[in-house]
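Chain naming follows the written order as A, B, C, D, E and F, and within any one chain the residues start at number 1.
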């Protein structure tokens, strides 16, 4: 769904997340799939999760800058494993504040990357206010980047589809799976990327189990005889905007 | 998404509607698109709409059987125009009653047609109780037809995706477009099918305008530079079950 | 909003309720107001509430027929006090069953009374299944009565607005006040009608307090300087269908 | 519903919108109707829509100030056609920011115009964040303007009813028609006002079709025999606060 | 919350389910906990799940009666393991029909067991219509059993709290965890009961993983320092009626 | 649910409110109950309600500081009557602004008081924007106070349960009673505390009636034979997070 008059190039995916680890746990499969097809994936990481998602490091007595450096390093290795580029905004977490300046920086990223697909957090999460903050800015910047009257470098963008990835407590965050993405063929890559996040080892199995469960759900929604692998792994997404289709399937 | 061990054949679409005209106004584009790709489309028409959707004929003093015959004839010509087969159940409308017997007849249709895609009414419609009744039976029969323990002829089915087509008053029926289907290339066929329904001439332009409006919405959600036809025509659908995907797009 | 070609006559209100007391507690003010303007009000009372709403009589050892007779007598006196006619269907309560036959009898009432306004229960009530049952049949019969093809005596009706009156536990029944009706001027009449229901004396003050509270809410939503009586009494209603207006007010 | 101790005068309507064209497309009928009854209508236009709603002008290479001047001129002519006064706030669009200062300026407008009716955008619009921003400030300023303790010139206001007008993609913005306003008699005026907006000619027919469709819906909800014009034109509104009524109708 | 004038006895829990296995997967922990406290637990099992939940047996070519016997045997052993009594209604599954007769039989069970707590399916499940059917009858029978006027043997009941247990696809069934029950201390018993269901071995690990995930959620909602076991196991429930409390905790 | 490694002490309740009177009308019973059990209750009062909730004083011509002093005095006496400590933030009302600084001050209160239970406003209130503002900051500060990486004095907190108390217009604020708290035994104390608020005498009876109505609802949800006092008084609450339970009851 690239723009008609854009220079022909590989498809582009833009992932906007609050913290350094989010893109791995929640969208690692989608990223690896896109990369495996030769597409470009850019991750806009608004903070390192240095205050809210690094409890272990704080308990070990590390300093703020040290923690940021660790998280950056982990995230860079995970992104490389998945086949994506990661850009850090260092906007400060807990709380991540919604500001016109940060939104404007995201407009620039949109215009620079010209995404065909956008991935971000859902708009609700009663357990972590940074996630909705990132989501709001991601959605607003997408609209602003479409307007020829909005100033700044780069070309305006089209209206790329948006997908919300799964929050930690889906039912408490109004999350309902609307798309089940089959990530079986890139599962090993996602697992390797997760293992780059050494500080959160307890989550490796947690998110492996989640992928199994979403895989079971995928099979249940696809029918028993679909010829799916015995162990299908999946990620769940929501669509805030309607799907554009040439065929019902 | 045909079943792995089903005999290889063209894809099959099953449309389940309450009244004789519903499949034309609401899903004529999807039907014509599928037929144009060489697929099989079967319409299960539960009633002729003889009481609730034939005011003009009643005002002209026609009898019940006469009205049924007129509606049947119109629907058959419209289906032929679209490239589909229509089966009539003559279950009686206004009200269409939800019964185990009628649901069982739908199970047989499911097993007979082995659909890859199912189209029906949404579950809510405060203006016409026959539509939710048809929807409830369509959904229940789909589940029953999947169970090897449910008796009856034919093979069990998989879990084909379901699409709800647009009701007459979408906002009052909880209808939110989740899929916008581009029907521009078969628009002339849909218009011809609508014109088979002579008794409801006032709706020809109404549903043409609706297709234009959904087309504008499609373009707005797809971005301004998508290379779409100047006048894109569209139909809107909801998905009650998650989409199964190999790629986010 | 009488029909253009209907014989000119007073406006007609139709109230459809599950049990004998419902119209008094929940809509007594609206009924008295309409009657005070010289309009016709007909109450279709589907059951006497003989099993589910007559605990006191059962504890006193009364028999079924005796209880029905008591409830009928009370309801007739309350209706007369309000200025309305009540028709009993004796369909059996706890549970009140949704049937095509009872719905058909309601179609006849619609066509006979040609209502300009319809009042009934909301569609949800987790504390009493008879209320949703009555509501479903009231709504379905209204649609059937509009269809020239639906058989039976009388003229078809238009599309009179429907109002849901307030259930016993509004927040648990999805009830949100959409219309606050000022019943101050007929309050004494409503109180007298409530006092006809001797068996439920504990509810007299309960529903008086409710009218005060809805009156406070009315004043809060109308502004402090509206020139309202110091003690405004009100009833709350929902509208399942859009209001038709000549002016925003 | 004027305040008891306000100087007797014509009724006053206040319309608060994000961009220069909004009041024409979405509420032009309601404005023309009020003006035709001799009432006062004031439009508070927070921005000119210079960045987000002026793509054509930007593509033609015009400058910011030039674009603002064009939009101002168009809006003034449209307002004059409808019979209303328009006040510009020039607060900057795309994004329109929610600030205490702008909200305070709206409080002054409320106290100055003493509205009997308020019209504004709905609180949700995933396609344009300026609309919810305008709506939030309109609602908050209305509450502040009621408080005697809130400082500033003018008298406090009552609690005028609020109506949300229809957004561009109603189903995606949680918009459900709760009031259908018959604008048939002022339709020509609304069309003339739309034609003042030369830069958006493609919308003239779009909003004409919408008025037809809402008119069909009005007739369907009012009954077939209401004596309505063959071609009824309508606008749809929501009510965020309960209606205060003296009669159910 | 036993009734004041009921004969003093152990607390009583009533579990109403559609199929033979439901009480094990979904509420086995709650049942084992109650039994471990010396309370009485009665399971009303409306069908054996002979058609819809026994695919493996049908594929092995077994007959209907044989399958029922297998499922009954498995369920009885699982119930005994948990410490509960199970009563079979053999009402026929796929579809389980909502009937006044079956509802009436449930009223008798309510009056016979005088439950202090009721467990059943949620009211929505788009994947299996038998679950909502069981839920509707369980809720309606509870209300009927409270009415002194409803005929039948036994004493009327109070208003025991109701808990909905977790469906297979929670997000698709409107299920949101409102109570997280710590079942760590009876986990081994639940696992043993699951292992009685030999035909569904693939679910043993699935529901073990679910209990781990709900346990993680319990810990997240209880705070990190609550002194909980390293591996807390939990079940999730919803409350359709308000909790009655003497203390906020 | 105190933290395992916290110094053993009485349980602690934290109440966060927008205005000086809120804790009395809406949570006075819960506060008095906790105090009567020897627990510590701290009220964080963000503003005095000097502009928005002091109409009477403004009409009497009092000055801002005078009004603040009156409200402070009343609130202190009411808190003392209930057995709680009140802390004033004087952040300015109408509008109460959401700021990182005020949120940070709340984080300090959380860490200082180490609450086992938190009470605050619901997140929606279309009649008073200060209430949602207070709620948002209360919820966000609770999450920040849990993070070891968030700077500031004091120990991090666990995840204490949150309860929303009842707003003035519950149905318009999305409020549904999820917990009905029996406050009969401390009712006299709550009434005395209400009577400390001399400026709002008209609310004394209003909130007494509300307590009666919620008491009737409590009895209806608890069953007729629960041995409850003839006149049970209650307060209603919502739970935004799941309840953690050792037993279903």
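Throughout what follows, a contact is a pair of C-beta atoms (placed from the backbone, for glycine too) under 8 Å apart; a residue touches a chain by one contact, two chains touch by 3 or more.
These figures come from a predicted structure and were not determined experimentally.
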Per the touch definition, the chains contacting both chain D and chain F are A, C
Tell me, which chains sit next to both chain A and chain B? D, E
Where in A-B, C-F or B-E does the D-F interface recur, with over half of the contact pairs identical by residue number? B-E
Can you check which chain pair, C-D or B-D, has more C-beta pairs in contact? C-D
Just how far, in Å, is the C-alpha centre of chain F from the one of chain A? 38
Could you tell me the distance, in whole angstrom, between the mean C-alpha positions of chain B and chain C? 38
Multi-chain contact residues (two or more partners), chain C: 127, 172, 177, 217, 220, 241-242
Using the touch rule from the top of the page, what pairs of chains touch, sorted by label? A-B, A-D, A-E, A-F, B-C, B-D, B-E, C-D, C-E, C-F, D-F, E-F
Listed in rising order, chain E residues that touch chain B in their complex are 50-52, 54-55, 58-59, 67, 94-95, 97, 126-129, 172
Under the stated contact criterion, what part of chain C meets chain D in this complex? 1, 3-6, 13, 30, 33-34, 37, 116-117, 119, 146, 157-161, 163, 177-182, 217-218, 220-227, 236-237, 239, 241-249
Please give the residue numbers of chain F that touch chain C in the complex, ascending. 127, 168-172, 175-177, 206, 209-210, 212-213, 216-217, 220
Contact set on chain B toward chain E in their complex: 100, 103, 139-140, 143-144, 147-150, 240-242
